[in-house]
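Okay, got some structures for you below.
Below, chain A partners chain B and then partners chain C, in two separate complexes.
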Partner chain A sequence: MKTRRGWFIAACLLPGLAMYLLFKVYPAVQVFQKSLYLWTGVADKPKFIGLQNFRDMFHDDAFLLSVRNTGLLMLVVPVVTLLIALVNASILTQSKLRERGFYRTVFFFPSILSFVVIAILWSFIYHPTMGFVNSGLEMLGLGDWALPWLGDQRTVLWALAVTLVWQAAGYYMVMYMAGIDSISPDLYEAASIDGATAFQKFFHITVPMLWEIIRVTIIFSINGVLTISFVLVAVMTAGGPDRHSEVVMTYLYGQAFTNSNFGYAMAIGVFIFVVSILLAFISNRLTQRGSH
Partner chain B sequence: MSPKKWLTAVGASALAVSMLAGCGSNGNDGNGNANGAASPSAGASSNASASASADASASPSAAGAKTFENTELNIAVFQGGYGREYWDRIAEDFMKDYPGTKINITASPKIAELVRPKAVAGNPPDFLYMAGGDNVPFLNGLIKDNALLDLTDLFNEPAADGGAPLKDKILPGVLESRAMSPYGDGKVYLAPYNFGVLGFWYNKDLVDKKGIELPKTWDDFFAANATAKENGRALFTYQGLYPGYLEQIIVPSIYSYGGQEALDQFFNYDPQFWKSETFKKVWGILERIATDDNALMKGTVALNHTQAQTSFLQGKAMFIPNGTWFEDEMKDAPREDGFQFGFLGVPSGQAGQPPLAMTNVEQIAIPAKAKNPELAKEFLRYLYSDKSVQLNAETSKGVLAVKGAPDLGKAFLSETTYNVYKAVDGGMVAVNGTFKAVAKGSKYNPSDEVYKPISSIMNKQMTIEQYGDKLFKIYEDIQKELKASGGE
Partner chain C sequence: MAGYSVSPASPASPTSLAQPRKPGFSFGRLLLRIFLIVQALAVVYPILWNVLASFKTNEEVMESPWSLPTSLQWDNYSRAFKAARIGDYMFNSAFVVILSIAILLLAAMPTAYVLGRMRFRGRAFLTNFYMAGLFIGSVYIIVPLFILMNQMHMLDSRFWLSAVYATGTLPFAVYLMTGFMKAIPHDFEEAAMIDGCGYFGTLFKVILPMTRPAIITLFVFSFFDFWNEYVLAMTLITDDAKKTVPIGLSNLMQIQQFATDWGSLFAALVIVLIPTVIVYGLLQKKLTEGMMMGGVKG
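Presenting the complex of A and B:
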């Protein structure tokens, strides 16, 4: 009886497992394997070249620049995004704002838009003459501060960072709000009675109680930078000016689909994989200590 | 929508006079009736039909009696600005003229993505028309892999509707160009399709009304800055995020200042090019556009092609570089009152020299592993018939790289488009060329390396000396890689 049920369960799981192996695991293994080949990805047979692709990576200035740009975004964007999300969530749950629902919707709104729509929207916001940012500055009498934000190599990366933060902050805010809602109101009440300020409640109740959620969102957010920056860069800047907004994913795409260097692109893919695992591991370790 | 960076497509280095010269000389005085073809239908090989077409001015169906073992043809075509109607209709005509054959068409703006898995599996379509920035790299991959069918014989054989070799119908220089003969061994691996002319555009309405004199040389061009300012606009803008469009200025200017020799240095990675006077003069134009007051439209570097082109149509800038597809691409965009497209070409380096324009030709290929190369070749031959050239103009508003094509299609082309092609006929120097293929597996994409850093010149964060040094090193690297891969 018991074994028959086991067989039945196995039979039900098997097709799914087979699909998973075929379409998820096998291609992933292939990426590792093909990263050792010189392969145009068009018609020719791949040629084994060992670790040459990986060696090349560290002599490829354009690749290193894209790593630097991605690194900067990964360093700054998650911190800013999560801080804004946390503070907003805390304000919207703690204060007795009547427009709570309204703000929740407004902040969450970017999360339901497609990344491409966001990219197009922001490329108009940054439009050097008609854009919201520059005309806003002019209206405030700060016309001298107006810059072609996406056309200047000193500002382009940070202009993208603002878009990344805007896109994601609302999503994490809603996650935090759900988390805060599950914190017992007694705690806040007791703290109020003891005369705690809003600041103290934030640092001594909200943050520690949410810590597990925060840990997860840090990893989510770092990964989000990696994937969303691809779309933003592809639509808003094409990596320009002069590669100053090139990110690892757009560089990978270019090597694969414009330069027909699939072997090299896969080596970059392996690099990204290893780095993401490392980052997840590191952030996990760092935040774990804080939870005690 | 990806920008139309037709970077790889190409034509001759001087098509000028010959463009329309062949127009009346096809010996095919407009009959092309199917009836005339009924006679030679017996044991037709391509030679038989050729001799038949020599006496009866043949229609495409003269070859209709040819038999093919495999009668099914799979073609994959790019569906972009030119649409797909042409392919649907020409395939229908072909199937009528060659009874028993069947053509399956796959069309998509991202045709390379659809074809790639099949090509990797060794089962490519029989016929490829790949254009558009996303698809051309795939074709380049096939070239790098030596995976294309040699078409030299086809062009030596008679045309579908004439006894003369097919190559005589094609615009001079096109088949010999690197775009069609990528290995430089005189063998043709790619067949020409639509022909494009690229250069400066302006608002004809404004120029006519105000009696503005159009610049003939670069000195005139910069002198026109005052006129531009009077009319409340910048002198120049371009498709900022995609500096590759500046190719349309750079390539003709290299030719204008340094001749074919300099152009060969540039396209064949001779590092010395970046130390030459020609380099300094050509990139000096860009630097001057970047630094002269009012010369470059504010914010240009940050704009994508649609935004920059719209600003131009709205009268924010006097000149913009673009190709013959411009008018059609922007047909729904807002513009200033009375705007009319005017094509100027590119100013020349010295007074007295005619204006220049860059030209390019889209490519068609038959994969070496095609299942049905014979029928694919026959279909390709059919595309160059007068009937097809006309149909192409009617349905796609395109002009095939065939002698007399603009006049064959005149009834269907806009006045501006027709005039652009005529301008090339009327003494404008047509310049072309394309980068030599880099070594397999090279990280360098030459056009990216050359054009992307121009953004930094345009926003004044790099001098042309720094730029020249950078490119000198890159060209040396590319040479080293080529040597290394050749030695293997």
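Presenting the complex of A and C:
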């Protein structure tokens, strides 16, 4: 009986564990180890160079620019996305509009679209001549404001940021809506009787009651920016113009698969890994203090 | 920011909630509706524009993005299928998605069952070991993964791509399922044992049917994850005949830039959109329910 139980446990664990070790744990360990090597090609033998890759990183202007771009996106996009999501969620739950189901469906829709479809769609939206941003501006008599949004160093990052917000706001809205639904209606009613405005209810009931969910979504959203910005940049701009839309992930990818700089790419991988764990930790800490 | 009509901190909207139940006309409500309609347009218009463009000639596409097609160019769609081979990409994607979900369930369910319901040495360690995997993103490990698969001759294989996809979601699946498994009362197993069910019989005949809601959640999540996946597919598959939809589309965009066949590119986008819309329509409720289970309660 005892051994049969043991065999059963082993048989259940084995397939998952084998896959996990081979395709996830082993590569993750390799990243740390090989980040200490100079390694320039699949066939080459890696040569140990200690922390040189990490030293190079901080003298690599293109890398530093990609860190700055990624940082800006991770700072701005989650804040804007989650604010829109929160405002929409409270409107659609609090005001008893008959058509709220319709808006819920419509706003959620972009989150089910393939990232590549979104990337292609938005590269046409921003297209200097075919795109409807510029031709819309012209129709409104604001033709002077027309820009090659993805081709201009000043606007490219913010153009990508808008696409990121467009993609995700509805997703978080649905999360918040479910959260608000689980708040006792008595709270809102009592507040109404006391003469609270919707504005006050938003800040004194909705936000505090949702705080745990908001914390989770902040971390989700930062992660989402990392993942989706890779696809958007790869398809829409290839990091251009002049690296002004390069993000850390695309830079890592280019170092590995365009420049065959495997060791250096893995050092960047270690950097991303450490920073994203730090970020999760910091945002967790910061939001904890505000907890009610 | 032009062309994007959503303003995050529109002061009108929250304050205008003040009298939501007042009958008849209310100025606040009107502002609220305008606020929502503008946003809805910002979401719907790009998609509508895409559908319209898929019926236009190239000249029409380049002329004005606001005009309607003069006649419907169904030809764009047949070119998307024939020349751009969007049908092949969709087949590859469907194949990879189904296989990945099958592998994921086969690996995750027994693992979660054992971790969630049986006591043995190393259980706590294994649970944490899988949790750690939640922090390992796919771009982060892409270089060593590529080299490993190159050495083991696993590149250019839809099967191994599926195995990698399944592994990518495994930590999340184990995490979700273990929690779900723990909530099932132990009486069910005792009863099954008395009825002569073995360990495997109990797992497959008694426990698995009870975890259906969690399986559906996992199914919906992984469907969209795998269908959308870009980085791994781009790196691990080079044979054009085995490429999935995201890679096929991004190649197509690069090709059409020189061939200026915009019509068939837009048609391809619409073709790809259709199954997503169908799945969304069928599973909308499950999807949003699943988001609650998977995301927030964690």
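Just so we're on the same page, the second predicted complex is superposed on the first by the 276 of 292 C-alpha atoms of A that agree within 3 Å, B and C clash if a C-alpha of one lies under 4 Å from a C-alpha of the other, contacts with A are read in each partner's own complex, and residues count from 1 in each chain.
What we mean here is this: a contact is a pair of C-beta atoms (placed from the backbone, for glycine too) under 8 Å apart; a residue touches a chain by one contact, two chains touch by 3 or more.
In this text the structure is predicted, and so the values were computed from the model without any measurement.
Counted by residues of chain A touched, the larger count belongs to C, out of chain B and chain C. When the two complexes are overlaid on their common chain A, residue A:T129 makes contact with chain B and with chain C alike. In the superposed pair of complexes, A:V42 makes contact with chain B and with chain C alike. When the two structures are aligned on the shared chain, A:F257 is found in touch with chain B and with chain C. Of the two partner chains, chain B is the only one that A:G240 touches; chain C does not reach it.
By the touch criterion stated above, A:V116 is placed in contact with chain C alone, chain B being left untouched. In the superposition on chain A, contact of A:I193 is made with neither chain B nor chain C.
In the superposition on chain A, chain A positions 42, 123, 129, 257 are in contact with chain B in one complex as well as with chain C in the other.
Residue ranges on chain C touching chain A, taken from their complex, read 1-4, 6, 8-10, 13-18, 20-21, 29, 32-33, 35-36, 39-40, 42-47, 49-50, 53, 61-62, 64-66, 103, 106-108, 110-111, 113-114, 118, 120, 126, 130, 133, 135-137, 139-148, 150, 163-164, 166-168, 170-171, 174, 199-200, 203, 224, 227-228, 230-231, 234-235, 245-247, 249-250, 253, 262, 265, 269, 272-273, 276, 279-280, 284, 287-288, 291-292, 295-296, 298. Contact residues of chain A toward chain C in the complex are 4-6, 8-9, 11-13, 15-17, 19-20, 22-28, 30-31, 34, 42, 80, 83-84, 87-88, 90-91, 94-97, 103, 105-110, 112-117, 119-125, 129-133, 135-137, 139, 142, 145, 158, 162, 165-166, 169-171, 174-175, 178-179, 197-199, 201-202, 213, 216-217, 220, 223, 226-227, 230-231, 234-235, 249, 252-253, 256-257, 262, 265-266, 269, 272-273, 276-277, 280. Taken together, the chain A residues at the contact with chain B in this complex read 38, 40-44, 49, 56, 60, 62-63, 123, 126-129, 148-153, 237-243, 254-255, 257-261, 263-264. Note for the complex: chain B touches chain A at residues 116, 119-120, 122, 124, 134, 137-138, 140-142, 144-147, 240-243, 298-304, 307, 311, 316, 367, 369, 440-445, 448, 452-456, 458-459, 461-462.
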